[in-house]
Amino acid sequence: MQEFGRSGAVALGLVTGLDSDLLAIVALSLQVSLSAVAMAALIGLPLGAAAAVGRFPGRRPLIVLLNAFMGLPPVVVGLVIYLLLSRAGPLGHLGILFTPAAMILAQTVLIVPIIAALSRQVIEDAWVEYGEQLRSLGSGPARSGFTLLWDTRFSLLTVILAGLGRASAEVGAVMIVGGNIDGVTRVMTTTIALETSKGDLPLALALGIVLITLVFALNASAYLIKEAVQRRHG
Amino acid sequence: MLPLVLESVTFEVAGRRIIDRVDATFTHGTRTVILGPNGAGKSVLLRLCHGLLIPSEGAVRWGRGDDSIARQAMVFQRPVLLRRSALRNLTHALALRRVPRRERLARARAALDTVGLASVAERSARVLSGGEQQRLALARARAVEPAVLFLDEPTANLDPAASREVESVIQDIHEAGTKIIMTTHNLGQARRLGDEVLFLARGRLVERAGIDDFFRHPSSSEAVAFIRGELPWH
Amino acid sequence: MALKHCVHTRIGAAAAAVIAAPGWSADRFITVASTTSTEQSGLFRHLLPVFEKKSGIQVRVVALGTGQALDMARRGDADVVFVHDPAAEEKFVAGGYGLRRNEVMYNDFILVGPKSDPAKVAGGRDIVAALRAIQAAKAPFVSRGDKSGTHAAELRLWKLAGVDPVSGRGNWYRETGSGMGPALNTASSLNAYLLADRGTWLAFKNRGDLRIAVEGDRRLFNQYGIILVNPARHAHVKQAAGQQFIDWVVSSEGQRAIADYRIGGEQLFFPNAAAR
């Protein structure tokens, strides 16, 4: 118990001291995870909508695949992206291994299935309610998909937050494709792993507290905004 | 596009026959009310006419071969409105009917006005009362100026006052020249709004008559029993 | 400096923009594949700023086990390797993956064990005898098991002792498959013996009941080498900048910087580059 108290104090010190290394690491973590979530949403939401309202061959296997891939092991994703981006790999010429771009790519791959599978469920439920009306209005499947994406936006915000949670919590993928390079690809989770390796458990736990607080703050503000807007729109 | 002709229309789900060889012709100018006990297949018949369901056997034909859903509209028992303002619900429907962008707002406002909802145009559709929501659904149907309007138990969930308002809007739409085909279980409403009755029992068209004839001299035993059951004081 | 640049580089939402973002690849930097011991002991944090300030070249270190670091370089994902397994390094160069191997510095391995010392080896200088005693006592021993330089050294020592530790696997011999720090954490909580490099040990904070049990054996010598990845094999290798780093590390200035790194007054690495 004593260790938790000590870590709490260290965490407080880190935050109040506005340690510049820590700020840079936090900024990079946010930059990587938020970019990955934005890209994953751009890909995953239309994919989820298509799987929900589309009628095309391979739809059922796609849904099963998306559901299964919600649990993709980050280490495996990291390894696959590493092999792709490695100089000896097919995308080696891009030269982005061990850069934030590689980390964004890995996290995007990791959370596209989460956003697609969960939004598929949300939109399919809405489709049950809206389907006949939209068809009656003359709305085709593609148009209906986008209409439902907008109409379920409050539920989809939770879906996106689930993606953000996964992105900001994972360490396996960014460690491998980012390399945990000091000042370049070191993010919160890889720093925590490193400090744990060094045996500085209080510092590692303190960084964990900062990370959890950050994720909590992001979720809380998203929730409050959603509440306020939803009250107006029903 | 009228007449609408049903040729031996049959609809089966999992081997169960819901609609059984219905032949009927619907012509311009009259208000047709589809009556029948629960489970007679009224709503299914309406959806077959509208094209939301495809007959298992037989055919639904429109005059001059024009079966476009764009000239039809349907109002459901429970109004399905999008999570946006009342006005935007209407412009959305107009956009789907390829109404030029510059005309949409004016037409939407005019339609809102005819159902007495001009004052809540900017309010979110989802926060309107049940009666207002159904009137908004009617305004949406009306805005697209359909040749035929299908209504499936449009007042089933409303209190008497709201029902009256909805009935008066239906009457307006009829007077504006739109063919009305509706189901109801409210015989008073059938008498107020109907010109003719199609009486269904167990999926079959049992009787078709003018509204007064139907209530005064029902020719089938099913219709006699139905009128007795619904109006015990009769 | 480059960090600030990264943080401030706006990431476009589009995938193409991210992948093509030039900011991260066009800077003057080299990638060094190195070991967890050099990273986790804090040596690089001391050494690299000196070089970066002088040369304007940023050094990006990816810290892995020696085996993994050499693999990474074989795939062309590093410009320079800085590791500590001379036999594997010679093989790497002989295979045409690297140019000349330069010796840089040494320190030593130590046998770390619990205060209770169940194998009765504390205070000794003979590592081989100590390993035999641990096996005989079936005292818990944590192995890196990750093909790192330290793991390779440990396996060599078991061979010298004539003991096949694999027979004790799952029993007293625990392979963790992890870096030096995590292995130390494991040993600390299991009260087990383990072979560690002195640098990481000195920088390690979660020691618990662990103490140095055996040190000073000639066979515990730990040599570090640095190699430029062969540009003939991987055309994108930054030969000039990589060679500049290697030249500096083995120069008298670089060697002095290595010697200057201390924790609690204790020197962690001893420069021994051959004068050129």
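The first chain written gets the first letter, and so on, giving A, B and C; residue counts start at 1 in each chain.
Everything below uses one rule, namely that a contact is a pair of C-beta atoms (placed from the backbone, for glycine too) under 8 Å apart; a residue touches a chain by one contact, two chains touch by 3 or more.
Since the structure is predicted, the reported quantities are computational estimates derived from the model, not experimental observations.
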With one step meaning two chains touch, work out the least steps from subunit A to subunit C.
-> 1
So which chain ends up closest to the centre of the protein, judged by Cα positions averaged per chain?
-> A
Remotest chain, subunit B as reference, centres from CA atoms = C
Two chains sharing the most C-beta contacts = A-C
Hey, how far is the Cα centre of subunit A from the one of subunit C, in Å?
-> 33
Separation of the C-alpha centres, subunit A versus subunit B, in whole Å, is 46
So, in whole Å, the Cα centroid of subunit B is separated from that of subunit C by 78
Check: subunit A positions touching at least 2 other chains come out as none
What part of subunit C is in contact with subunit A in the complex they form?
-> 2-4, 6-7, 11, 13-15, 18-21, 24-25, 31, 36, 40, 44-45, 58, 60-63, 75-77, 179-182, 184-185, 188, 203-207, 234, 236
Mind listing the subunit A positions that touch subunit C in their complex?
-> 24, 27-28, 31, 35, 38-39, 42, 86-89, 92, 94-101, 104-105, 108, 179-184, 194, 196-201
Within the complex, subunit A is touched by subunit B residues 47, 50, 52, 69-70, 72-74, 76, 80, 82-84, 92-93, 96-97, 124-127, 140, 144
Which residues of subunit A touch subunit B in their complex?
-> 129-130, 132-133, 135-139, 143, 147, 150-151, 153-154, 232-234
